[in-house]
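Both complexes shown next keep chain A, but they swap its partner, so chain B is in the first and chain C is in the second.
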Partner chain A sequence: MFHWLEKNPFAFAVVVIVTIAFAGLVEIVPHFAQQARPVIGTTPYSTLELAGRHVYIKNSCNACHSQLVRPFKSETDRYGDYSLSGEYAYDRPFLWGSKRTGPDLMRVGNYRTTDWHENHMKDPASVVPGSIMPAYGWMFVNEADIDTSYAEQLTVAKFFGVPYNKPVPMKDGSTKIIKMGATVEEARAMALAEAKLITADMKNQDVKDAVENGKIPEIVAIIAYMNSLK
Partner chain B sequence: MNKLYIWAVVFAALMIVLTYLSVGTTEGGLNDDVVNQLAVAGAVALVVISVFVVVKYVRQMQVDTADGDLAEESWDGIGEYLNEVPKGWAILYILTMIWGMWYFTMGYPVNAYSQIGEYNEDVAAHDAKFAAEYKGITGNRLVEMGESVFLAECKVCHGISADGIDGKAANLNQRIEAVAVKHAIMNGANNFTTDFPGGMPPGLNYMFASEAELDELVNYVVAGMPADDTRGAELFAQGTCNGCHGDTGEGMPYAGPKINGYDIATVSSVLKDGKKGAIGTMPKFERLNAKQIEAVSAYITSLSK
Partner chain C sequence: MEDRPLEYDYSVTRLFMMNTIFVGIVGMLVGVILAWQMAYPELNTFLGEGLAEYTNFSRLRVLHTDSVIYGFVLSAVWASWYYIGQRVLKVSMAESRTLMILGKLHFWIYFAASAIIVVSLLMGITTSKEYAEFEWPLDLGITIIWLLWGAGIAGLIAIRREKTLYISIWYFIATFLAVAMLHLFNNLEIPTYFGSGGIGAWYHSVSMYAGTNDALVQWWFGHNAVAFVLTTPIIAMIYYFLPKESGQAIYSYKLSLLAFWGLMFVYLWAGGHHLLYSTVPDWVQTMGSVFSVILILPSWGSAINMLLTMKGEWQQVAASPLIKFMIMGSTFYMFSTLEGPIQAIKSVNAIAHFTDWIIGHVHDGALGWVGFMVVAAIYHMAPRLFNREIYSKSLMAAQFWIQTLGIVLYFTSMWIAGITQGMMWRAHDEFGNLAYSFIDTVEVLHPYFTIRAVGGTLYLIGFIMFAYNIYKTTSAREVEASELQNASPMGA
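Now for the complex of A and B:
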């Protein structure tokens, strides 16, 4: 067989390419597939959380805050476990950020709560003396864009197979279902129900009233997003 | 003698002479410096060996005749002998394969660098150093350590002076605030599910005849349950508070936390489970280790003394 190969250089070249390509596939594909899979416990964003993510992007929070904890003791002490690539599976686009003017927010949901975010967004220096973060007062007034958020959910569910309305495995072995509305009206209602859970922990009466009247201020959406970062 | 050998000797001698002329006579050259002497000796050896190896093979090409069986195929008339594999080459080949197997199964996996591996080593080393350095820490040093933990982790909500920043979080300079006592009595509380799984039932305000009586009890608890306040103690019993928190508010295991002051167990209950009450929501702090919890508890206890 080998003598035959030596006599047929073109066939030999083809066999070499096939062999190396196959070896590459065997080595690379399983590793890549494993790395690109969502980490157990990572869930897709709900409609309100996704709207909060849009607020985050719109206000360029990622210009000052990263969402990537590097594997160093000094980082994991501050921000929690180091980040894994599979944790960004549902982030489109990911918001790693390029510079930390403020702290990392990858797991901020673990150590800050709704009422703290409310105080902090209204006047950062009131809770963090010397903070150079600006106040985001307009978030208490502007309405979050739930419809766009729902459109994004529909798109990623259809084209990227993001598992909405499907059981997602959690760390404790259970499964969790992140629901997505079947119609835009249902999605709005679900977002409002989620917003009411957030405003129950908030103090600002205007925001509470707005949600009671069926409006969702941006602050509620971004707090929902912050609380989902774990 | 073949002409080739003569040329080889001449070439080698020429190289040696040129080497000597270039380095041997300069200042600090061969006479004084042992490193230079070794270098020149090496150069001479290289020249001699190279020349004679080249001569050997060139000579072999000139005089050797081919023998042995030819392989079947030929390439444009160029054939190939079916010779034995050279022994030294074969041994090296097998040794290389053995090394390769070791390297892929043991050498690389065991010795390879990994960022996460370095991180794990770093954390383990730090933890060991921390445990050794703060093993027997007590008293003021523990409180100081607690203060630094507080300033890193807690001040963001409770403020630098632990006063809760105008009601944004609990004021830790006292055990409990009136608004929190009242909220717990009226709405119940089930915050510390790890240490006190039963929780506190809502609606205990119905144990009191009037709003004024309730306020009296609240003030008694906020004041830290002074021993000389018999009226307060009476109301405390009337409200069945003593059933879980004890007659003096010292708390009971699994039933109710200490409410007449702070201690390590109380603070660690809060850090373990977080808290949701009248003032707001506090997250749990799993990231603190046992010694840090002890230290921050000691610091918070020291604030209200």
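Now for the complex of A and C:
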């Protein structure tokens, strides 16, 4: 049989593709029949948070930081509850990472503040002596891309039914509505309002002035995203 | 007419070969910079504060992995394909105008796409998925490049004189098919510009999969991208170049069969070992572990077949630096494919995952197996492509030892770093509290990061010696009268 295959390239290719596709069919396809369901308390990202997530991706933060707490005592002691599948229901892409040069960030919003992040991103070693993380000074200057964030919200709401402007169940039994603007102008205004809540806790005058003038530096967006990780 | 040996056309091979060396230097240099940045973080601004955004670890990291995998290795794979393909199918590319055009288009579109990728990654345009960071316009470009190669393979096979496909061709076909499948499914994404009716950045997209499903698809891709870019085409290369260079026939056809079909079946299951203790279903994790261990069989099947091919001819290893590269490459392949399954055992993975031990594992495969085989392939091809002898045999030997020392420093330091950090993360004191803060587990790594950077630098120095050796070979005056056939240019 093998001798015959080696003389018949087309049949050979067909047998190869069947052999290699088999594992994927068995391991992956069944999970798509069952959509990932969010756990109670998991909400979609706001426009500003999603823009911050884009800043996180743009700077490959996931190259050094994981977002996956494994079910070990040492990890739950250090980072909080271990991760549940449904907590990632709105994560496109997933950002688990594969290397912890720095600590896990899955629940960083529980134990770090806006003020801490501001100082840390400007000069990591000033907050954590001995840190080998580089400074991210340009985030205080570059503007976050709110429009693209809004475009992504519209896309996931339309194609994947992500529940924007709909009540989402919370842990205490109440419901919460994550609002999404009806137009891009409204989305920008909502992101700016959210940004002002962040800059109220910040010290950098240039960033505060920028937000007063209707601009949102990347640092504000990424802090909004960090604070949302709980 | 039929009695004359075929004249093969190597113009496309030469283009890919030059690109291999050029991108190899760039990709490895970026890697060395990253290694020194981890030891001395002030190097993140080595071109000044103004350019910090583009010299920062986080931007360069993606550039390193993608340029080495898709720039350096794929170029070498394609250089080898356009060389080996013609020879084992006994047909010259020049016999078909279409094939020549396809081959040249393949190179130049690839070259242009590579340039765009470098710029876009430095700008931070990425999807974040490891080894699939490219946004949708580039994904489409990659698809075109891949199909051009596929058309070239199909075309050359269609007009072949030798009807039986040699083992190398099996592996090239498998590489083409598997990467096509992986690339297609992992990059299913919706461009948000079109999804939202024209808002925001035109190049941005959002993944079709969310959370755990996304992770599952990504590591099915990520693991098998390693299999089908860094393993199968390299096996294709060694199955051709080792017998040619040593003058020995492949030890066992049956072992080749077992190794090939075993690898095809087993490899794809093992992606789950990247997701142990994550939120993917337990049975997928267990399958990932079990199949990783089974994977030792087909991997060692190939490697042992290579080592036994040298049976009775071991003096060649001492005499020829080129054989040294290939035998050391096979040995590193065995080493790496044993280490991987060990790390895939759940209890070991609990310590190894997220640490530098994984980086060490990747590099003893990448530097020792892939890097050495690429170097060997080019040393074997260059005299035949340019009708000149290799410039310096002693320079080759020096390169071999410098690079081997570099690899040893690299993986030993990363072993120690990884296991140290993994153990410190989980250490508790007598009251059950965590014994170390996270920063303690970073500061302790400084000496190992420094040793690794030295090891990486040595490997780069060796590679620059290689580039110089090839440059002097191609620019030498002396031209061999006829193509060197079976005899090794390194033969005693």
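Throughout what follows, the second predicted complex is superposed on the first by the 195 of 230 C-alpha atoms of A that agree within 3 Å, B and C clash if a C-alpha of one lies under 4 Å from a C-alpha of the other, contacts with A are read in each partner's own complex, and residues count from 1 in each chain.
The definition used in the following text is that a residue touches a chain if its C-beta (ideal position, glycine included) is under 8 Å from a C-beta of that chain, and two chains touch if they have at least 3 such contacts.
None of these values were measured; they are calculated from a predicted model.
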Which superposed partner A:80 touches (first chain B, second chain C, both, neither): first
Touching partner for A:91 - first (chain B), second (chain C), both, neither: second
Partner chain in contact with A:71 - chain B first, chain C second, else both or neither: both
First (chain B), second (chain C), both or neither touched by A:7: both
Chain A residues touched by each partner, larger count belonging to chain B or chain C: C
Contacts of A:111 with chain B and chain C, given as first, second, both or neither: first
First (chain B), second (chain C), both or neither touched by A:201: first
Which superposed partner A:129 touches (first chain B, second chain C, both, neither): both
Shared chain A surface residues [contacts with chain B and with chain C]: 3, 6-7, 71-73, 77, 128-129
Parts of chain A lying in touch with chain C, wherever the complex brings them together: 2-3, 6-7, 9, 12-13, 16-17, 19-24, 27-28, 31-32, 36, 54, 57-64, 66, 68, 70-75, 77-78, 83-103, 125, 128-138, 145, 147-152, 154-156, 158-160, 184
Chain B - residues contacting chain A, complex: 72-73, 115-116, 118-119, 122-123, 126, 156-157, 159-160, 165, 168-169, 280-283, 285, 287
In the complex with chain A, residue positions of chain C that touch it: 37-38, 41, 44-45, 49, 52-53, 56-59, 61-62, 124-130, 154, 157, 163-165, 170, 173-174, 177-178, 181, 185, 190, 192-193, 195-197, 199-201, 204, 206-207, 209-218, 220, 257, 261, 264-265, 267-269, 271-272, 274, 277-281, 284, 287, 291, 350, 353-356, 358-359, 425-428, 433-434, 438-439, 442-443
Parts of chain A lying in touch with chain B, wherever the complex brings them together: 3, 6-7, 71-73, 76-77, 80, 82, 110-116, 119, 126-129, 201
